[in-house]
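Chain lettering (A, B, C, D, E and F) follows the sequence in which the chains are written, and residue indices restart at 1 in each chain.
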Amino acid sequence: MSISRFPVPKLEDLPEDIRARILAVQEKSGFIPNVFLMLAYRPDEFRAFMAYHDALMDKPGGLSKAEREMIVVTTSAMNQCQYCVVAHGAILRIRAKNPLIADQVATNYRKAEITPRQRAMLDFAVKVSRQAEAVEEADYAVLAEHGFSQEDCWDIAAIAAFFAMSNRLANATALKPNPEFYAMGRG
Amino acid sequence: MSISRFPVPKLEDLPEDIRARILAVQEKSGFIPNVFLMLAYRPDEFRAFMAYHDALMDKPGGLSKAEREMIVVTTSAMNQCQYCVVAHGAILRIRAKNPLIADQVATNYRKAEITPRQRAMLDFAVKVSRQAEAVEEADYAVLAEHGFSQEDCWDIAAIAAFFAMSNRLANATALKPNPEFYAMGRG
Amino acid sequence: MSISRFPVPKLEDLPEDIRARILAVQEKSGFIPNVFLMLAYRPDEFRAFMAYHDALMDKPGGLSKAEREMIVVTTSAMNQCQYCVVAHGAILRIRAKNPLIADQVATNYRKAEITPRQRAMLDFAVKVSRQAEAVEEADYAVLAEHGFSQEDCWDIAAIAAFFAMSNRLANATALKPNPEFYAMGRG
Amino acid sequence: MSISRFPVPKLEDLPEDIRARILAVQEKSGFIPNVFLMLAYRPDEFRAFMAYHDALMDKPGGLSKAEREMIVVTTSAMNQCQYCVVAHGAILRIRAKNPLIADQVATNYRKAEITPRQRAMLDFAVKVSRQAEAVEEADYAVLAEHGFSQEDCWDIAAIAAFFAMSNRLANATALKPNPEFYAMGRG
Amino acid sequence: MSISRFPVPKLEDLPEDIRARILAVQEKSGFIPNVFLMLAYRPDEFRAFMAYHDALMDKPGGLSKAEREMIVVTTSAMNQCQYCVVAHGAILRIRAKNPLIADQVATNYRKAEITPRQRAMLDFAVKVSRQAEAVEEADYAVLAEHGFSQEDCWDIAAIAAFFAMSNRLANATALKPNPEFYAMGRG
Amino acid sequence: MSISRFPVPKLEDLPEDIRARILAVQEKSGFIPNVFLMLAYRPDEFRAFMAYHDALMDKPGGLSKAEREMIVVTTSAMNQCQYCVVAHGAILRIRAKNPLIADQVATNYRKAEITPRQRAMLDFAVKVSRQAEAVEEADYAVLAEHGFSQEDCWDIAAIAAFFAMSNRLANATALKPNPEFYAMGRG
């Protein structure tokens, strides 16, 4: 069974920068996450996607990396995105050093063992992901009460929005998670 | 009333490449579309967003530019995104040379004066935008029956996905459409 | 393409009172809004519809005529009624002397440049239109806080209810908006 | 507990034509259905509502009177309209000479003991009531297969649309069904 | 027309304990409620279902028997379960000695003539039935304000949950209500 | 943090039969699954629940035990039931001898690596779980085409219905999954 319903290019046919990026992630992770191969079908989109992803997920900021992954897993589960829940679930377990947290937020984030501040973060992320048309200043006021800065608020919204795109791409391409992800970080 | 609920940087404070891009669009359009100013708050995200946008909307391909804008306006209306409906509604009217089409697809694309092929395109785009988890091979089979190529299918899905992100960013930032857009292309 | 999926009678075949009403609106507007021709298929329903419409939209009262049209455009957009959004959008632009307001409330009324009082009015109208079963005294209390009288409350509810009917008739008959409406009142 | 959250005028204060209509229904039914008193708050709307109602429900046509009431009860139950389900449920029992049919269609019309033709009628009525934006020619084709004429199709749509309005008025005014209705026609 | 789409065993073929239970209810009610015959297709499930039912509905406790039936009728109506609404509607009328209450809560419990305490009970039951994933401590706090004990809270939740199962069984088996139920308790 | 928001009885305070059942499961599993302790608050309900569970999940039949667990995990994920997804996910991995299947069906069963027959089984189970009111003979016809017997159809429906109850109980009691479940069966 293919990892994507669209053609998956061979590594050797890819532009140099994309191949380099893919080999780097392979070196680091021990395997190539399928999203890289799926997106490589479209080199320009690959580059923009990765640049966007890195700008949101890898830069310094008020949200910890584990918290960013919590946003990804929670909203991706609402959107029934198998790839993002499984792959980012693994990353979340590792970054949070918590083997349980990914399954908790994926199944019902309201019941997860998280702080009230994280709960407010996820409530907002879910609203952006599922009902952005109704986001209002009152929603930002709740975030402020929990100590989130203006920068943090943007980050939460932007991560939820970026994965709204990513979830749709993965679902439309029938992207399969690599088997390696399922057991990673389970302690 | 501000154009975004987040800070809007001054043109002179922006990195050179971003300022250049903004001045170019201003030169072409006669005004600066507010989405550029909103996103300039985050230069790296600005660059990735625009690169992604151009990769999808400006490249050659089987979908006409008007058809791509139809996808944007239809799905953005479902997501209640004021900025995208108003701004891309203007672009659609101009590209389609049809002063009526944008309001038709924004209010109910099922009643718009479009071809059966375009209807199939929009049905698929709406499914990706609103219910991507349920996209299946049967949906692609309908597209194929209407003559859409593999490349076209990716384009429809990717445009719908990209604007799912864009709609959420605009709604979360309370982005306002420029007044100029409302009357453009109305003949 | 026909303006309605049902037969459209000729003017000369209509009962005198209906023809007179249609000629009067044609004289005033310069064209015959298609809703008149669609409904003329059923003279008794035409008469009742117009009498009801006029009782709600043309009588004096606490809501300005522009505000009544705001209710129509906002709720009709939620109901994806192409005819009502396009036709009443034109009337709203003219009555409010504001070329932007119709597209703003049609795409996302929560982001429109309206007063808090108008926002409360539209929140209530949307609840009546989309979720009337859950309307309670607490909803009326919010209206009262914004200075709406008992009469005003009835008007908001009755206009939202009337266009819930009208939207369904237009959608079921595939009623097309006249091309003239799209550009009216755009300044 | 009042029958409506809005003021209910006294019979003697009503315009002559409205009082006459109310006395006539009282004579016929043995009591005054509360909808008459609720609407009498607004004489012009009362007249238009009753004229519209009679044009749809009392005229000759391809749908039996019981079938028209089936449409009313089914769609009003979907809209959670207590008044319309209870009052028209009584009328349906009487017109259909069937003490069970009203509760059957009100709770789940798909399980009611009706003909396939009536099932098609109700499927269409429910679509008009709950999702009119998606009504298409294919829906009319199903009706035609079951022998419904053009006139019948309009009637089904128009009755569903009229009660979409009526349900919202009753819910917004907190209209109470008369106690008499509950037991009528139960044999 | 059969009472269930699955085979209905004959009384004489049933295990002794099940036949005894069925004969007892027949003796008490004058007829055999169809749910007994439907479930008798599976004797072990029959026994577990009845034991569960009795543990929730027949034991002493803070909720009156009429209140328990109110929960059943309200949530079963939301779930469009014809059998449960009709059969438990009859029981509710009898237990509440109120011929109107069942139709009131079945059509729109927010408009029923019940106490504020009963309204809080039903709001909670409906949340458990329709949106249990979002139940939180704040929901229990509302119940506590209305004087419900810990035991009562469990009972409300457990009854709503049990009938969530029961409604699905009845809908999936196309279980028909006995004609006797419709008129019972109507005074 | 407690395993349930309701009181959890001590083992030594429980009736003998319930303590015996709990000790047996502890002996077999190495720990006591929290659902046993949560339900022990109500011994009669505990007994009925377990009897029902065993009647559906442990008896012989046309559905394999892994397939029954697939139904549980898929529908419980739709209902956002953390306990059932995590606990039955573990059981599914073990019974299917497949460390990936549980996360696949929990995140999006339409993308899981299952047979077309299993897909039909899950489509039906999801319909019973989420939209039982619309189940019709056509749904059973699809099952029959895939070779499911009458007995199998009942089993699928009954399992989906039973866990509709179970999911609501777990969500309403804020039942926590035992940490042991998360990693079980991951190979």
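FYI, a residue touches a chain if its C-beta (ideal position, glycine included) is under 8 Å from a C-beta of that chain, and two chains touch if they have at least 3 such contacts.
Note that the coordinates shown come from a computational prediction; the quantities given were computed from them, not determined experimentally.
K.L.:
Strictly by the touch rule at the top, which chains does chain B share as contacts with chain E?
P.N.:
A, C, D, F
K.L.:
Which chain maximises the distance between its CA centroid and that of chain C?
P.N.:
F
K.L.:
Select, from A-F and A-C, the pair of chains that is joined by more C-beta pairs in contact.
P.N.:
If we tally the contacting C-beta pairs, A-F comes out ahead.
K.L.:
Return the distance between the CA-based centres of chain C and chain D, expressed in whole Å.
P.N.:
Chain C and chain D have C-alpha centres separated by 23 Å.
K.L.:
Centroid of chain C to centroid of chain E, CA atoms only: how many Å?
P.N.:
Centres of chain C and chain E (C-alpha means) sit 43 Å apart.
K.L.:
Which parts of chain B, given as residue numbers and ranges, touch two or more other chains?
P.N.:
Chain B, residues with two or more chain partners: 80-81, 108, 133, 171, 174.
K.L.:
Output every touching chain pair, sorted by label.
P.N.:
Per the contact definition above, the touching pairs are A-B, A-C, A-E, A-F, B-C, B-D, B-F, C-D, C-E, D-E, D-F, E-F.
K.L.:
Using the touch rule from the top, collect the residues of chain D that touch chain E in their complex.
P.N.:
Residue positions touching the partner: 1, 77, 80-82, 85-86, 89, 99-100, 103-104, 106-108, 111-113, 171, 174, 176, 179, 182-183, 186-187.
K.L.:
Spell out the part of chain F that touches chain B in their complex, as residue ranges.
P.N.:
Touching chain B: residues 108, 110 of chain F.
K.L.:
How about chain F: which of its residues touch chain D in the complex?
P.N.:
Residues of chain F touching chain D: 133-134, 136.
K.L.:
Which bits of chain C are touching chain D when the two form their complex?
P.N.:
Against chain D, chain C makes touches at 5-7, 41-42, 44-45, 47-49, 51-52, 55-56, 59, 79-81, 128-129, 132-133, 135, 137, 140, 150, 154, 157-158, 160-162, 164-169, 171-174.
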